[in-house]
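Here come two complexes built around chain A, the first alongside chain B, the second alongside chain C.
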Partner chain A sequence: MAADVHNKAVPWETANGSLAPVERLRQDRCDSPTPGLVEGTEPGAGQDSHMFVHAQSFEDLTADGDDTRAEAAGSENTSRLGEPADEGAQGLPSEEEQVEEKESHPGSRAKEEDVTSEAWRRHRKHVFVLSEAGKPIYSRYGTEEALSSTMGVMMALVSFVEAEKNIIRSIHADGYKVVFLRKSPLVLVGVAQTLQSERDLSRELHYIYYQIISLLTLTQLNHIFQHKQNYDLRRLLAGSEHLTDNLLKLLDRDPGLLLSAVTCLPLSSSVRDVISSSLQAAKAKNLVFSILLAGSHLVTLVRKKDQYLHHMDLHLLFNLVGSSSSFREGEGWTPICLPKFNTAGFFHAHISYLEPGTDLCLILVSTDREDFFNLSDCKHRFLERLRRRTAYQALQEALKNPSYSVSQVGIPELRHFLYKSKSSGLYTSPEFPVPYQSEEEQERIMELYQYLHSRIHHPTRPLRFIYCCGESENLLAWVTSGFELYLCFSPLGTKALAVSAINKLLKWIRKEEDRLFILSPQTY
Partner chain B sequence: MSGPRVDAKVVMLGKESVGKTSLVERYVHQRFLVGPYQNTIGAAFVAKSVQVRDKVVTLGIWDTAGSERYEAMSRIYYRGAKAAIVCYDLTDSSSFLRAKFWVKELQNCEEHCKIYLCGTKTDLIEADRSARQVDYHDVQDFADEIKAQYFETSSKTGRSVEDLFRKVAADYISTTFEVMSEERGVNLEQKKDPFFYSCCHN
Partner chain C sequence: MSARRASALREDSSSSSDEKQFLQRCPSTNEYFDIAFKVMLLGDSAVGKTCFLVQFKDGAFLAGNFIATVGIDFRNKVVTVDNLKVKLQIWDTAGQERFRSVTHAYYRDAQALLLLYDITSKSSFDNIRAWLTEIHEYAQKDVVIMLLGNKSDMVHERVIKQEEGQKLAREYGVPFMETSAKTGVNVELAFLAVAKELKQRVSQQPNEPKFQIHEYIESQKQKSGCCGFM
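Presenting the complex of A and B:
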């Protein structure tokens, strides 16, 4: 163990009274250069209202389980990366194991794979979806037909344990974790050899489940299976496999899904305000959410008063837009269920790119399925209004650099970081620097972040602070009631250096917060 | 400004992956995108103006998703449509069965909608005659029976694509003028107009 263990809690931790009146702290924030550690005053916290359903990362997702929460057990931990720290966490896999099968055609499914081959077994993370009758619905690798007996065995395991009035959660064996998620009428199974915890894998399975719900609604799904227990759901999901494939890819690569947060396009607040107010002006009776995206970055979001969007639903919308080129051709109009909002019904989304060839995509969500032309009109009004303003040029300019370099922070040892403001549900992160430019390296660093996240959010032994030394980088994670921070340092840095970097980074984020975050979310 | 004014609603129907989107793409943007198949989500709307002789018509084309998942929604796309282009893949006989389903659906729910049958991917048949799974004469008979127009197109080469939409536009113009001349007899506005005239001008 790299063993300097702190017995004392970090001084500011103890002072972290969440009983302090938040309002007063909010007023103080402008005066104080030190970022607030309490929820609502951290850098990036929204000024008046939240934009999203308030969610403490994934706790609310798994809340239907019977997890015992040991919130009070804030502790500090310093360990070596790769050292078995917990019952489940095995060491960092060696390089050979990490080589993932590269698909020959990115975008096309690796479907025709031989499911008895060693290559198939070696995939880092498998995901299977089946019906309660044991019928295959989805497999990440290999065809569902070829896997029907495997899925039969999975269902047998589930039923066997249920017969004893019990629930199977996971199986840990041979470096694999097999995680089960029972969401009647579906069963989801994840098989992973990653560093993630059972809980994180379960969170990912929840995403897949909600992805399916977003296409069908739970009501329809229940109705189908009540009607016909051995229905082949693939018929209805036909053509949506690439959405699920892409979502799994995002889960491996996108920090937003890990942090349960969304990242914004860096933009000066005055420009963002003009865009927001233009969007606000282009309203319609049944319009609930107007969302402007630039690739995977949020530009702005305007919502109906008292209606909140859950970050998970927003990620599903991101995934829908990101994995389909079909919205480039014209104005898209599609029913979509936002499962965290309501699993029973469809919203109707008008999805279109602002102009041909741009990355700016506008999503208008309405409750009325006849609303297409109204929303199309909203889009045109918004665009007309925006074009007349200089903010539009500034936005185009900002699109050229949707991210920023970590060197701007001015901490030489710092390579990369993730910072999430809990109260706003937004996060910021620089682009990956040189050592992490390949996809494999990005997935590797993301897996390390996932590992830290698992440790921090451990269901029975959560941590507040963790510092890990690895061969290629040192990592630090720190969670307060206001934010989550994950830092990646060069392997030559020391722990003392890392700790001192925190303050510098937080000050920098505070300074830049009106560019990196949406501080004043708008409503119609 | 609001979106383009649309004269005629045209809906594309047919089984998934028969090439509805490619057909629209070829017609509207004169291009054919090669790459992995991407299914349409929900429906995509695009408007295009066509000049037929001295008239300009704006076609509002609804390119619907072929997936069964959206079947319950399809009604909102074809309601009030002036023309439906029912597509099937010439190399896939099951897609023709699906086309028949759509024809029946239209006949039941939207009797004023003109039907255009469109066999897609003729380039595949030109490359290999044995690839054809839907007989030309069978479709011709079916088209006569339902009083539909029949086209065989290739979005890859562009064959007959322009003709198809031109025919749609031309038929729309000729029928609208018939309808308008009929309607002149029963104009509900006339009831109001004399009243206005009497109070403003007299």
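Presenting the complex of A and C:
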């Protein structure tokens, strides 16, 4: 179980010291990749068990209702760049175009917006949810009432195509992608001008769908619409709009939702182990998951044996905690459905911050709806145990720097990166450096990452490697069966430099992995 | 510390066997208390339950955007009633329909219910009858109920007259007052009256006159200002 056993077991360093001979990889990309790059041995891979439901990526999310990967080359009309993409350098979409399209939305919900105005049309990404009767349930911008006829048209499109025993997936026109997701009894529609693929947009619509399920359960949702087809679901979802709004914001900004992964608070493994074991000791009969969060970073997660959490369910919990200020003061107690676990029933979550004024939030998930006082007691036992240990100070110290600077890696051209270990479902990423500190810039770089992600995971022409040059930065993405890596370089860097940086970065991540990842997840 | 409290208790309470179990430590606030009661806030969404609680607990008003409570929010506050430390364990509930099942599960534990409506929202007032029906179904038979018309500071938006609230309260035999979570009018009184009533029930001596919650709040409450009856 010791950390070094893991390291020894992994034939990570190849003879010539090169981790990934990119040249060779290019020649025989079908052959098995270099050891250490394969699943289970990549930096950050868990040692003996996983915390999460094993999910390669987002494939499992789109698998239902998605076509099998057609081998035939897809039509090129989706590519705005016009170039069929394979590995190699490639231009980024022009910057001017993006800046022009950029709309800054104020933080609050822009509900009163005039839906006939040009500003409303120019939003980068609209999301609509409606019932099969065509009744509006949610719109990201503008009121549902004002949009009822628009949603009626959407439903008409869906029904028209279905009448021919067919399914409408998307419409591509005039720089817009209109993506439909049919999840009976709901219909979700995304209208985007972003660089994302239809598939990634559909993945985001799945998130919105599961967000709704997490509030109601699918069983209840089906029950309602079986009894009353024209039910106004907004009645049951009242007060949850800000959860969906916030989730859409996270989808634009949080790399975790893009990568289908979770990031950890950097913490020495000994400290994390003490916290995990304290959490482990504070158990109760019906407790299924204990999750300690610091902001959007996972500190530790303890689960019941044989019960796995899906990263998507965890993101929904993150979203719930992050968008509600009411947990700050008291102790929250709420039913929540974890749709990737079970769409039929509710768990009950005890949510509280460890101490006033801290970012440490503890989520205890139980199967019993009358478990509040038991879980409240668990929390107090955990906190008392933790307070006696020096690890608590170390944790408080770590909270002051929940992220790290990219300069620690020691690659001057490297500005930012995302690294996801596929087998553990965890990712790591430094804080955004100077040119990306504004919200607009962060969303811009995230959109570029989303673009790379879309290209890499293209349903008909998936890529392993992509290098793009832009005006403001150069980007590189590389996936193996073990990890996904997205790098952002200064625009003055070269491709050769970028390729050599991969090697150095992977070595650094390997060196730091017990701090950046949770290598030995705990169960009760 | 605790010895003093115990003697304070002895003055109020006749049964000495109860004393020891009153002396407990409240884990979340680390404050000593003599007796604890569970109070629940109920009412439609957006009538101001959370603001009402925050005003009582911290003396502050949550201005700005409306953030719906998720599920149930549990907080403690220790108040002093007749030299006795009373811990109020307060359940702040979400008003939304989808949380009804979870709130029902906690009704029967509650010893007092503060039922709020918004004087600027007719529907929240109309739903009070439905809330009272629910209360009779799920809550303890001897639960203390108080009806509160919140947002009494919003005189210009008022649609429910104070008399209407009064009439409804009389019909159900529950005490009533108008409150403002924003200005703090009658907020503390509501909790204190409930605490007094509950305390009296526990430690009532046979010859002591019964605590009259109706009369108490009538004598203590502040009217909602000169324009309140317009």
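Following the convention adopted for this analysis, the second predicted complex is superposed on the first by the 450 of 524 C-alpha atoms of A that agree within 3 Å, B and C clash if a C-alpha of one lies under 4 Å from a C-alpha of the other, contacts with A are read in each partner's own complex, and residues count from 1 in each chain.
In the analysis below, a contact is a pair of C-beta atoms (placed from the backbone, for glycine too) under 8 Å apart; a residue touches a chain by one contact, two chains touch by 3 or more.
Everything quoted here is computed from the prediction, not taken from an experiment.
Superposition of the two structures on chain A leads chain B and chain C into a clash.
Legend: residue contacts after superposition of the two complexes on their common chain; A:F160 is shown touching neither chain B nor chain C. Shared contact residues of chain A with chain B and chain C: 108, 215-216, 235-240, 242, 320, 324-327, 329-335, 349, 369-370, 372, 376, 380. The residues of chain A lying in touch with chain C in their complex are 108, 215-216, 235-240, 242, 320, 324-327, 329-335, 348-349, 351, 369-370, 372, 376, 380. By the touch criterion given at the top, residues 1-3, 16, 21, 24-25, 28-29, 35-36, 38-46, 61, 63, 65-70, 73, 76 of chain B touch chain A in their complex.
Chain C meets chain A in the complex at residues 27-28, 45, 50, 54, 57, 65, 67-75, 92, 94-99, 101-102, 105-106. Put simply, chain A touches chain B in their complex at residues 105, 107-108, 215-216, 235-240, 242, 320, 324-327, 329-336, 349, 369-370, 372-373, 376-377, 379-381, 384.
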